[in-house]
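Paired with chain B in one complex and with chain C in the other, chain A is shared by the two complexes that follow.
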Partner chain A sequence: MTFWDKMQKVDRRILYVILVVFVCTGLFIPVKIPVEPDPSSKDFYATVMAIPEGSTVLVQTDWTNSTRGESMGHFENLMRLLMSKKLKFVFYSAADPVAPQVARTVITRINAERKADGLYVYQIGKDYLDLGYFANAEATNTNMGTDLRQAWANRTSKVPEGGEIDIFKTDVLKDIRKIGDCKMMVVVTASASIDIAIQRLANKVPITAMVTGVTGPGVLPFYQSGQVKGIAIGLKGVYDTEYLMANGINIKDGEAKPKVTWAKNSSVDKVAEGKTFARGNQYYGTLHVALVLLILAVILGNVGMFMSRRAARKGGE
Partner chain B sequence: MNPQTFAIIKISAGVLATIGLYSVLYKETKFYRFWEHLFLGLAAGYGVVAAWKDTLYTDWWVYTFGTAATPTAPATPGHWIWAALLPIGIMGYMVFSKKHNWMSKIPIGIILGLWSGQQVQIWWQTWGPQVYSSMQPIIPTTFSPMARPSTLEVANGQVQTIADSAQLANVQQQLANNLYPTQALTNLIFVVTFISAFSYFIFSFELKNKLMLGVNKLGRWMLMVGFGAIFGSTVMARFALVIDRMSFIVNEWVQTLTQRV
Partner chain C sequence: MNNSIFLLAQNTENFWRKLPGQGLVIWVIIGLLLGIALLFAFTQVPSNLRRWIIVGFTFFAGLPYVLAYLWPKPIGADLQNDIPRNMSEQIGFTINQAIDPVGKITNVLQAFLLGVGIFSLVRVHLTKVRRKSENWGFSTVLLVCFALMTTVGFMDWRQRKFMDDNGLLNEPANWGFFQYANDLLFEGMYQQMDSAMFSMIAFFILSAAYRAFRIRSVEATVMMASALILMLNLMGALTYAWGTGIENLVVQTGNPFFMNFKLNVMADWLRSTMQIPAIRAIDFGVFLGALAMGLRLWLGLEKGGVSS
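On to the complex of A and B.
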């Protein structure tokens, strides 16, 4: 058996161990990789940054720990963005009963991060609302489009003063009569729940999305047609958002040229407060390590196959 | 229990579950099965509680029985007609009975009817804007300049929209009236991709014409490129999951333990 034959028959478990070792090593070396954010990510960022301070945004969070690698980075960035822009938000899930709890954990962590930085801490019932889980995304989104107040009737929220009150009496929703009164709806998802939201609500409220790499290609046609105003896709989208939060768009900042340029729009500010580079920065470099490993494995596998076949042919002759 | 001790127990259970579930890569063992069943059990249990707390209670129980007054909220009346939904819902579970499973067709029929009624509107809202945005002009109306003029300018070291309103209006007028060669080329690439990919799905008659066969083959290539991009995106997504799990163990768990020490 030649060296190349042995390479063809490497136990897959050895490959897994190599992958784990490389990934763990990569996590210790966070590198700020210069990128050109995707146009869809720029549109997402510009859309959020254009919302007037104090407005209310709907956040449909349909992800759980099964896609934490991408979706948690998306949700953390979204929270940092909304809080730095002082936007009020309502979050709920129309896809998974566990999703609201995962979102609560992230909000608690981002609030702790802001508290440590001496920034304002978001309060439930005053700055944001937690509506929990709605079974059946189709019916939920249809009802929201028809009559938001009816769709969310009977929901109460804790308030900072103590006790619970009707959600439409809170600062977050008191001026909201219909879904169009909300400035934007963001769907953070790992599934087709974004399709359902677009089908039922795209003509009633501007929709943006933060989706996984698997879901992303299916959502891009909706972005091309303008049904979705902006999308952050996969881990690249997480890093793009962090990069845009740190550098803004068309902001020269004393340098010869802006780090992010965009002919479509005038300048969009970077975020005014809080953390910018976070999970995306930590994972994006590691992703490159894993991808290099994958490419090497593909090249080695193909070379090995080619050499083995050549050796077999020579042996046959 | 000390909150920090609880945090360590919680995160350590997560690490053990991660290792347990990833152990399937080595071999499917009872250790893996245990964690898989635990995961499914927890998810199912959580689902039942959430279904009651977030859906049935707020959207059915409160409507039916109303609520008592609290210091911050007044009492709300109940409406007994909502109780009629209970037997209809229970009929759905008759699917498990051989004798009475016909009853399950009633709630299923109601759901299907409601769903079907939405589909015409849904279809148009999904595809209408995409059909409209696929109609792209491909013949340039001007060759001077070749590229689309910009509405931006650099002023005070920053990139911004042209400040002179007359100049901005002039540029916007030009943009509205003209299709520039670079735009036309972009549109042409889109239209060729769109038509060729669609032509691949002509199965109603045999294609013999050389031109049609060529377009069909181009469509196949375009689809392959699309599938390749989707596959690449999926691979990155899967790597992201591994990276996050490793980060959970290496960063979050180790960090929690070292904080304790």
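On to the complex of A and C.
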């Protein structure tokens, strides 16, 4: 048996150990890597930053911790963006009963982070609303598009003054009559719930998305057609957003050349307050390591196959 | 001023929606009694007629959605707040108002299905434990965890909902037993196990990349080259270094054609020219199939399943 034959039959546990060691090492070395953000990420960031302060945004959060490597980074970035822009938001899930609780945990953490930084802390019933889980995404999105006030009728929320009031009497929704009055809908998802939202609501409210790397390619046709205004895809999308939050678009900031350039837009500010580089920065090095490992595995596997075949042919002759 | 108009808009009564008050309670009681009577009646229906009941319900549940899409309506009409001017508009308004209750009924049904699933799960595992069937220990663990999570989750929700008007429980410093227990079970265990399960995919991907991704044909070579460009484009450090090199080359040679060889440009071209049209073509076929299947289900033409 040649060296290459042995390589072909290497114990898979060795591969697993290599993966664990390299990936875990990457997690402990966060590096700020310069990137060229994807056009879809730039569109996402520019769309959020263009919303006037104090407006209301819908957040459909359909992810759970099974995809937290990507989705939690997306959701944290979204919360930091909305809070730094002083936008009000309503969050709910139409895909997973666990999703609202996961989102609540993140909001609590981001609020704690802002409190520690001396920034304004978002309050339920005043700055945001938690509507929980809706069991049927198709019917929920259709109802929201037909009549938001009927779809969410008789729902109440706690308010900072104490007690509960109708959600349409809170500061968040008091001026919202139909879904089109919301300036944007963001879908944070790891599933096809984004497709359902686009099909039912894309002509009624501007939709943007923060999706996993697996879901992303399926949403790109809707981005190309203009039905989705911007998408942050996968871990690269998380880091892109953080990079854009830190550097803005076409902002020179005392340097000879802007860190992020874009012919489509004159300039988009960086975020005014709070943390920018976070989970994306922490995981992005690991993504590099994992991709290098993956590429090496494909190359080594194929080289091994060719060498084994050649050795077998020579043996046959 | 505007706010009061909006609040009034929410409180309009129509055929499908009654306002809170004494009348509403009577309607709820009537609905409940009708529902129970209907359920009882369904159990008495001969089996040869059951198919037609299901077909009928499916048809009438789908009808508002189809009519709302097809029924002509005035351009820019606010179907919830405008007053219809003639019979045609009145029908259009009523159809659109019907979408909300039908949607809510499907939401309730979906939630009811969750309950049926839980009931079935508990029944199956209780039977296994009672009979001490194979692996009954796992069933015991499931039932204990289920009971624990439900109890703790419910108590935590109850305290937050009814006994915490000022939101004190949002601060961990004010937590009691049920908040800590819920945090341990949900955040500390369930969520971590969820992540751990999903992370195992990484091991399979690496193993598959090493053992199964073989270049045996021209198609496989093209696919691998495309995948390589897209994967390299995900690595910001490499894309940035490569791009800077290309930009320097363009400055030196004065030939902007080289800009096409930046990794992100190549990846964008692959995505927008190859990947997106292919996905769109697949989606087109899938949605045509879904439309045909939807029509067959709606019109009761589909054989098998619940309507057989």
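Simple rule for what comes next: the second predicted complex is superposed on the first by the 317 of 317 C-alpha atoms of A that agree within 3 Å, B and C clash if a C-alpha of one lies under 4 Å from a C-alpha of the other, contacts with A are read in each partner's own complex, and residues count from 1 in each chain.
FYI, a residue touches a chain if its C-beta (ideal position, glycine included) is under 8 Å from a C-beta of that chain, and two chains touch if they have at least 3 such contacts.
Here the structure is a predicted model, which is why all the values come from computation and not from measurement.
Enquirer: Using the superposition on chain A, decide if chain B and chain C clash or fit.
Expert: Verdict on chain A: clash between chain B and chain C.
Enquirer: Touch test for A:24: chain B only (first), chain C only (second), both, or neither?
Expert: So A:24 only meets chain B here.
Enquirer: Of the two partner chains, chain B (first) and chain C (second), which one does A:267 touch, if any: first, second, both, or neither?
Expert: first
Enquirer: Regarding the shared-chain residue A:33, is it in contact with chain B (first), chain C (second), both, or neither?
Expert: second
Enquirer: Quick check for you: in the superposed arrangement, does A:287 touch first (chain B), second (chain C), both or neither?
Expert: Both chain B and chain C are touched by A:287.
Enquirer: Should A:224 be classified as contacting the first partner (chain B), the second (chain C), both, or neither?
Expert: The answer is both, since A:224 touches chain B and chain C.
Enquirer: Applying the document's definition of touch, where does A:300 land relative to chain B and chain C: first, second, both, or neither?
Expert: Once the two structures are laid over each other on A, A:300 reaches chain C alone.
Enquirer: For A:168 in the superposed arrangement: first (chain B), second (chain C), both or neither?
Expert: Touch partner of A:168: chain C, not chain B.
Enquirer: Which partner does A:156 reach: the first (chain B), the second (chain C), both, or neither?
Expert: first
Enquirer: Looking at the overlay, does A:203 come into contact with chain B only (first), chain C only (second), both, or neither?
Expert: So A:203 only meets chain B here.
Enquirer: Between 55-63, 127-135 or 253-261, which chain C stretch has C-alpha clashes with chain B?
Expert: The listed stretch with clashing C-alpha atoms is 55-63.
Enquirer: Which residues form the common part of the chain A surface touched by chain B and by chain C?
Expert: Comparing the two interfaces on chain A, one with chain B and one with chain C, the shared residues are 12, 16, 19, 23, 66-69, 97, 101, 134-135, 138-139, 142, 154, 162-163, 217, 221, 224, 234-236, 287, 290-291, 294.
Enquirer: So in the complex, which bits of chain A are touching chain C?
Expert: The touching residues are 10, 12, 15-16, 19, 23, 33-36, 38-39, 64-69, 97, 101-102, 105, 108, 123-124, 134-136, 138-140, 142-143, 146-147, 149-151, 153-154, 158, 160, 162-163, 168-169, 174-178, 217-218, 220-221, 224, 234-236, 239, 284, 287-288, 290-295, 297-298, 300-302, 305.
Enquirer: What does chain C use to touch chain A in their complex?
Expert: 2-3, 6-7, 9-10, 17, 20, 65, 68, 78-80, 96-97, 99-100, 102-104, 106-111, 114, 165-167, 170, 186-187, 191-192, 194-195, 197-199, 202-203, 205-207, 209-211, 213-215, 224, 228, 231-232, 234-240, 243, 264, 268, 271-272, 275-276, 279-280, 283
Enquirer: Along chain A, where are the residues that touch chain B in the complex?
Expert: Contact set of chain A toward chain B: 12-13, 16, 19-20, 23-24, 26-28, 66-70, 72, 97-98, 100-101, 131-135, 138-139, 142, 154-156, 159, 162-166, 195, 198-200, 202-203, 212-214, 216-217, 221-222, 224-227, 233-236, 250-252, 254, 258, 261, 263, 266-267, 282-283, 286-287, 290-291, 294.
Enquirer: Report the residues of chain B in contact with chain A in the complex, numbered from low to high.
Expert: Chain B reaches chain A through residues 25-26, 43, 46-47, 49-51, 53-55, 58-59, 62-63, 67, 70-73, 76, 114-115, 118, 122, 125-126, 129-130, 132-133, 150, 152, 154, 157-161, 226, 229-230, 233-237, 239-248, 250-251.
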